[in-house]
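Below, each structure is written out as structure tokens.
Each of the two complexes below includes chain A, the first together with chain B, the second together with chain C.
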Partner chain A sequence: MPDPSRYPGYDVLRKRHTPSWNDKTRQVIDARLAVPREPRFFDAHELATITAVADRLVPQPRNRPPIPVAALIDDKLHKGQEDGFRHEGMPREREAWQRGLAALDAEAQAQHGAPFLHLSGPQQDALLKQMEQGALNGPAWGGMPSQTFFKQRMAKDIVFAYYAHPTAWSEIGFGGPASPRGYVRLGYDQRDPWEAAESKDGDTESALRKNRHVG
Partner chain B sequence: MSDDPRQTPRAKDGRAPDVFRPGAWVPMREYSEDDAVDFVIVGTGAGGGTLACKLAEHGFSVVAMDAGPYFRPLDDFASDEAEQSKLYWTDDRISAGENPVQLGSNNSGKAVGGSTVHFAMVSLRFRPEWFKSRTLLGYGFDWPLDWREMWHYYREVEDALKIAGPITYPWGPPRPRYPYRAHPLNAAAMALAQGCEAMGIAWTETPIATLSAPRGLAHPCVYRGFCVTGCSTNAKQSALVTWIPRAIAAGAEIRDLAMVGRVETGPDGLATGVHYHREGRWHFQKARNVVVAGYAIETPRLLLNSANARYPQGLANSSGLVGKYLMVQANQAVWGKMDAEIRSYKAPPSLAITEHWNYDDNKDFFGGYCYMSQGPLPQLWANTQLNAHGLWGEPLITEMQDYNHQVGLKIVGEMLPQERNGVTLAEDKDQYGLPIPRVSYSWCDNDKALIAHSLDFMEKALRAVDAKNIWRQEDDTCHLNGGARMGDDPRGSVVDADCRSWDIRNLWICDGSVFPTVGGVNPSLTIQAIACRTGDRIKQMAVRGEL
Partner chain C sequence: MRTKQAGMGLLGSLALGAIGVALFGRGRQAPPARRRLLEALALPPPVTQPVERLRSLRLGDTPRGPLQRWLGIPSSPAVGRTARIRAARRLDRSAGLLATSVLLDSALEHYRGSFRNPAMYTPLGVSALSLAASLHGTGDPRSGRHPFRSTIYAAAALTGIVGTGFHLYNVTRRPGGFVWQNLFYGAPLGAPMAISLAGLMGSAAEHVRDDRPGTAPRIFGLPAGRMLAAMSGAGILGTVGEAGLLHFRGAYHNPAMFLPVTMPPAAAALLLNTAAGPARRDRWITRWWLRLTALLGFVGVGFHAYGVQRNMGGWRNWRQNLLNGPPLPAPPSFTGLALAGLAALDLLEDEPDA
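Right, the complex of A and B next:
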């Protein structure tokens, strides 16, 4: 099947054994790729709900294996990693997530008679839009502002999880880890041979050929 | 035993990590808790790390504590945004006000070396007039420092960090050539330069604290681009690899994973030492002088948390100003897309700068701003698209496809000191049982006018280089200063020009919290220059028997 992406055939993981990755980088990326898929903080329903939300916020790439967004967030909360601040009126991260997911389900029930997970894509998008605008304020929120939960917690954590994954880096042509090799060619339209090549003017073949030699 | 520096202290048993060699150690002098050291310093960043070095080199006995871990960058730093969030101060804090400040990764470090371990390395001098902005420019407060003396200390810091910068700097009074040559421009910096030229204003290579030539065991910058998540090759001249190794060589002791919870005072009202938490229990270190250098949130928090019967408002707070007049800086941006590939993930993020609007007073607001080229990494960039641009779903994924074509200009802008902005104690407690800080911030009309001016100007500058799909990021801020300001009058300031508190003469504050105004440039060079000056002043006072 032809690769229609902007960076056809580019895989940042091909640099894993090159001087662009130091030992510590290999260790942390290996651990991320092997993140446990069984939740350790959330329950199964919460995890499935996060996956459903993530599918709306950061739709998965079509020709690459899916990014385990929900598992990465579960891992972060399991380890208790926090941002280091919360807006007034916001609980700490674990409580915010659990309360927010329950509130999202309560709003879905109120509007559609089913949990968020079982709604159609457009219904889910409409609910998320209302949350983004702060228009959801049922009792299940317990006073937590739904807009702050969306922007500062749920959507932020989902976007951070997605773009922490090498698959997302490959998708956008990011060079990825670069220690100690770094880069040499810094100017306009300059690309080191160990960087992604972009498909231009429909010439997929040229980019594909260059991306095969990234390493 | 665990070698996780976040779990187990490394600076112990007569040795500290050698930051220049994998797995290696350097000898370190140790002091007894029961013998009063000349100085105990709380915090080892731009203020505390620098002062520890100066005082140790002047022959004082020094113990410097940091709540964070003692990293060896060559071993411990990955080339990865998510992993490197371990550099940030992520203890619980509440952010309030009309414009709540983003803390954590945005401005707060928790490591030996403090926030300099993840700072963007931009090393700028204040405009001379800012030290007397009330008298000369009509706003804010005057500093008790003279710019000509600061010019001398700026030079000392620039040389200590081997700042890479231009041969001639376009603004302000003459300054010597920077010690190391300027770095080459990346495409993002070229776009800034072309925009400035099109708009008829000057630009220059950013003076920056990353090596452009070898230095001892540290190599030149490899243009890896992960600067704000910690430099894994030691090109970045953070306090961790500059002042602190010098401090240890001169006989200072560093205590990592040591969280100071309270400064103690004695019957005479003077400070007697600090209570600190390390390895699961509270300790007390005796000292003849205490220096608080925890940056603009932890410094006021510690002074307020140290309240006792004699000082019920907190230490050094007879003026009532501890925790007040906190200042962040405006950090708005304009973003666009170029037809050419920019790939701004390569090289330090801010390689070109203009200070034009710091030195042009023909404006309808007080204060000034500089702006710099940008190089956000994917997580930060995607969150900017989400939070500031409102994109999610397919529009976000599509926009992210253009990551390598993005170009951006971002200000560091002066916000005015306001009494209502500051740090108080919340009811919630942290993992040590200490009340957490509540940080409140609201912009004033002048702040908003400065931001509007900068966004208009930067948008024109991006249009001038044919950027497309231009949009404005209107809500960001950076840096933390103020909260324990210096001045000439004990009723209107917390410390004097020597960073010595008016109320408790052996209690000192040496970090960004002493700033009366914040200026329109990144603060780290000024914090370090003040620390160098304070170190020299303490030496002079000791000689004269004035300590």
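Right, the complex of A and C next:
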């Protein structure tokens, strides 16, 4: 079956034992891949809600294993890794996430009579859009601006978690850290042999062949 | 740390230099007895008949041509068949070294450029052919021109000029055009001339091989020895410019990087002095300085190999560092040119076995 993706057959993990990675790279990526899927900071419902939001914001690649976005955020909050700064009106990260998820469910209940998780795609999109515009301000928010929560916390954490995962790198043809091995051919549309090959004008075969040897 | 670096480089270089000496140091069979010739010259035989005149020319100098007189260049010794062919074979060898350097360097650098322009294959083919021609010539003890070799050498000389045009075009079409940044990182302007030099040295070999015995061989109407000394001197200066530019880009971070911008210019000056100065001198300083410069070409490969190791990932990351690091095949250009200079020196010094 042909691979319809833009970088067919490319898997950044093949670089694991090449000069592109060193011990530190392997250590960091391994930890990211081994992130526990069971909830540690959130409860199971919160985790499922984050997954539902993530599916609306960053849809999973169709022919690659899903990226555990919610688990990565859970891991981060469990370890207490924070930005080191807060936006105006925002509580600390753990508090913001818990209150934001509860408020989102409360808004879903108020508008549709069901938790966010059980709404249809368009209903979820509409709610997220209202949050993005700051139109949600029920009592469950406790004064936290819903727009700031969406833009600076929820969407950001979800996108960061998604693109921190090697599967997303393979999807977008990203080569991972440019150290220890960097790049030689730096001009436009130039490619080093250890870079992902993009499928151009339906020429999937050539990209597939090149990507098999990336590493 | 710096002394350790220099030490590592020196060790590797000495090993390579030893190989170089073993491979190329055997060109000179026996030192010609120069004194005997001086004695012979002390009493020139009177010239009476045409045959006698020719014989005297074999011992003495060839009369200067009009161009040579106009330029004020002193006369040059006539060279016998053996010496002529030995010089030609040395020139073939020098052309071969230059062609090898070009073949490997252009293969590496044009592979880096992903052969985006099909013309980028040209220097590979031409330098491979030049190398074949020079191998053929180095092993050829006959006199007379060889059509195959002559054609290829001429094509090589032409290729370098066309290549310079291509490289100029590459630099000017980059954003900013003719600026230092593009001279550093664009197609190197001086590089294609190396294949021209290989072609010129090879063509010179053909000329030297072909000329009438008992006269001084000529290239473009000027004595071959002088012409070659000037050509190799100018070639060395061009190569110094290239090395200087790229070593400046490398901020001369290793003191050894000053060697190719100090030693070869002195060699070039000595060669240019030889080209214009009186012949039949025992220019031992020039000879030894040229030999050192030839050695420097091999030592440079050692230093460059060390430079590759110093890049992140070292030799294990060779796929990046061979392209990113200092070019391994570049330094032997100096060896090729110094060997050509040595051949020129031979043609200008007396050849009693003529």
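Just so it is clear, the second predicted complex is superposed on the first by the 214 of 215 C-alpha atoms of A that agree within 3 Å, B and C clash if a C-alpha of one lies under 4 Å from a C-alpha of the other, contacts with A are read in each partner's own complex, and residues count from 1 in each chain.
Going forward, a residue touches a chain if its C-beta (ideal position, glycine included) is under 8 Å from a C-beta of that chain, and two chains touch if they have at least 3 such contacts.
Everything quoted here is computed from the prediction, not taken from an experiment.
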Using the touch definition from the top, say if A:Arg209 reaches chain B (first), chain C (second), both or neither.
neither
Tell me the contact category for A:His118 with respect to chain B and chain C: first, second, both or neither.
neither
Given the touch rule stated above, what does A:Arg37 touch, chain B (first), chain C (second), both, or neither?
neither
So, A:Arg181: does it touch chain B (first), chain C (second), both, or neither?
both
Contact-wise, after the overlay, does A:Arg191 reach chain B, chain C, both or neither (first, second, both, neither)?
both
Overlap the chain B and chain C contact sets on chain A and report the shared residues.
179-184, 190-191
Where on chain A is chain B touching in the complex?
6, 20-22, 24-25, 27-29, 32, 56-59, 81-88, 92, 125, 128, 132, 151, 155-156, 159-160, 162-164, 168-169, 171-184, 186-191, 195-196, 198
Using the touch rule from the top, collect the residues of chain A that touch chain C in their complex.
19, 179-185, 190-194
Within their complex, chain B touches chain A through residues 75-83, 85, 88-96, 100-105, 108, 184-187, 190, 221-226, 232-233, 338, 340-343, 345-347, 377-379, 381-383, 386-387, 390, 392-394, 396-397, 400-401, 403-404, 438-439
Residues of chain C that touch chain A when the two form their complex:
112-114, 116, 312-313, 316-317, 319-320, 323-324
